[in-house]
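Per-chain residue numbering starts at 1, and chain names A, B and C are given in the order in which the chains are listed.
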Amino acid sequence: MGNWDWQVFCKNTIDGEVMPRCFGSGGDITYLQWMLSAWGWTISVSLLALVVAVVVGSLMGILRTTPSKTLILIGNAWTELFRNIPLLVQIFLWYHVIPSLFLPLQKVPSFLLVVLALGFFTSARIAEQVKAGIESLSKGQRYAGLAIGLTLPQTYRFVLLPMAFRIVIPPLTSESMNIIKNSSVAFAVSISELTMFAMQAQEETSRGIEIYLAVSLLYFVSAFAVNRVALFIENRVQVPGMIGGGK
Amino acid sequence: MLETDFGFLTWNVVSGFIIKGFIFSIQLTLAAMIGGIALGTVLALMRLSGKKLLVLVAAFYVNTLRSIPLVMVILWFFLLIPLLIGRPMGAELSAIITFTVFEAAYYSEIMRAGIQSVPKGQVYAGYAVGMTYGQTMQLIVLPQAFRNMLPVLLTQTIILFQDTSLVYAIGAYDLLKGFEVAGKNFNRPVEMYLLAAATYFVICFSLSMLVRRLQKKIQIIR
Amino acid sequence: MTVEEKKPDRSPSEATMIEIKNVSKWYGSFQVLTDCSTVIHKGEVVVVCGPSGSGKSTLIKTVNALEPFQKGDIVVNGVSIGDPKTNLPKMRSHVGMVFQNFELFPHLSVTENLTLAQIKVLGRSADEAKTRGLKMLDRVGLMVHKDKFPGQLSGGQQQRVAIARALSMDPIVMLFDEPTSALDPEMVGEVLDVMVLLAKEGMTMMVVTHEMGFAKRVAHRVIFMDHGFIVEDDSKEAFFANPRSERAQQFLTKILHH
């Protein structure tokens, strides 16, 4: 296994010819181009799923901290349901089961189904973080908001959520990094993302090590980028004297 | 809206297709849990040893595995092990090795937090009565770390059990595969996927309820 | 328990500000308040004391409905708390409250802490709210810290800002829930000074505290609670000179000799 063959990425995906400038002409593409487009799919699935997860997860997390028993029950049921079924099984449910039970969903592209699956799966984890973030604030903060005459929604909007949001950024960062890793499971329903590319290109070229190394590196780079962006946001919203903030 | 029909589901179907996969999923989970916690504890001790080389090796191991998707790790091992040993290896055995090595990275972070949760005074107390480093760790620190982290270790194991379904990538015959094969054979994939989801849910939900109860008990004892 | 006729020693009127009527409260099957009744008049300063777990903090939180109760009623300035039709946020906006742990909003600057509710609840303009808030901040002597965040202030300073925050809302009554018990001893004085000033201006105050010096200086009346009961409800003079119950005697001996 000592001899590398990095030229594999410059090969045409149809006839295996090495292309001169590593990019195909006309309709042909090289493995490098295929991999970059797969990276694009990985990023797109991840980002869209993250939006779904943050919106739904925050909502469910907030519901679980309200005084209403019904709302708490809804939030709890949601979290338990999406947390206790493996992601791969959830993706199969969205892809094979739900469209055959609800026929209108058959027209929805599988890309979107995977976004929903990954988004809802992650929303359960984010709901946990948001709930924990709100509960980590002292009960006195809720009292203080109500005591100056704010309504419960106003107390959430102006007092509890701004602080909970800051507390939740670090765990949210690691969930965002997880979402990129978890998007790899989309290979199972033939979304042409990085892992799917790795499996197919490995089979076609038999240069598994080079392919896997490149793909692993791209996952690493993506996660690193998310980490930097999150750090930037964290610094921007830092409040002097508050938990984790400087004096 | 289509009708579902579970009429085909007899004990023969369950025992013929599903039990086999279920047993493998359990084996894989238990093996990776025991091996992963053992290896993870060693890695955690290395990272806390203060010896530069050990710290670097352990940190590299943990950080590398944690930044790559599990599916990719499964593919990597399935590709590399045969190259290293010079002969092909079955998907099931490859999965057991992969999961043990992979989960060790996650268990080691839990054990590291657990060891750090034991007050420094405990180590001094161990040394003060004449124990060696090994004895202090084995007899005093690790038992406490383990007890403090038991709920987290078990929660990680529930996640591990869910993750075993990813051996789908190399075609190993696990619980999910059992449902899938049965679904294909009887042309009832919808029912079988639903049943798969329900099975995983019941198992994971009951286990996490047990963990929660255990957590409360530990809090009371402390 | 009979509520005696009170002869206040300084200016409180006969008009009722807060009436607590036979309030009982349970946490599950555990009763934390039993049949508590008292009346606080306009301009009156009432100190509530008692051992920890006596229900005093719970009682003061029921007055602005932060804690619900299952039996009885509380009427604040003619508004019934128990009535489900009552607009609680509106009622609370007239009732200032100061908490044991200050509860300033750590993500907002001092000025923003003072103006948030004025703008969102009272509908004041930002300028108006700022003028009013800073005036109150000046009153507690912290004008120089107006742009800082709560985490950058000492405990005593935070509590004074919290008092200014409550005063910015032009409250008709002020509730203090152990305002000095989370403070280092050297900071207790600065907070009590502000409270004494308020009392002397004729603010109606209900104060849960162990600071008997404060009670002696400005209180009109002292309520002593134990195990969820109002055990004593008497003029300051009568309470300190001759507490009727054995529990109150024990409590006073302990607290005054410490």
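Everything below uses one rule, namely that contacts are C-beta pairs under 8 Å (C-beta built on N, C-alpha and C of every residue); 3 or more make two chains touch, one makes a residue touch a chain.
This one's a predicted model, so the numbers in the text were calculated from it and none came from an experiment.
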Checklist outcome for this item: Chains in contact with chain A and also with chain B, listed by label, are none
Item to check | Chain with minimal offset from the mean of all protein Cα atoms | outcome: A
Next on the checklist: Which chain has its C-alpha centroid farthest away from the centroid of chain C?
Outcome noted: B
Next on the checklist: Using Cα averages as centroids, what's the distance between chain A and chain B in whole Å?
Outcome noted: 22
Checklist outcome for this item: Chain-centre distance (mean CA atoms) for chain B and chain C, in whole Å, is 54
Checklist outcome for this item: Distance in whole angstrom between the CA centres of chain A and chain C is 48
Checklist outcome for this item: Residues in chain A with touches to at least two other chains are numbered none
Next on the checklist: Help me check something: in the complex, which residues belonging to chain C touch chain A?
Outcome noted: 61, 64, 66, 88-90, 92-97, 99-101, 103-107, 116-117, 120-122, 148-153, 165-166, 169
Checklist entry - Quick one: in the complex, what on chain B touches chain A? => result 1-2, 4, 67-72, 75-76, 79-80, 83, 162-163, 165-166, 168-169, 176, 189-190, 193-194, 196-197, 200-201, 204-205, 208
Next on the checklist: Under the stated contact criterion, what part of chain A meets chain C in this complex?
Outcome noted: 138, 140-141, 143-151, 154, 158-159, 162-163, 166, 239-243, 245, 247
Checklist entry - Which residues of chain A touch chain B in the complex? => result 1, 80-81, 83-90, 92-93, 96-97, 100-103, 177, 180-185, 187-188, 195, 198-199, 202, 208-209, 212, 215-216, 219-220, 223
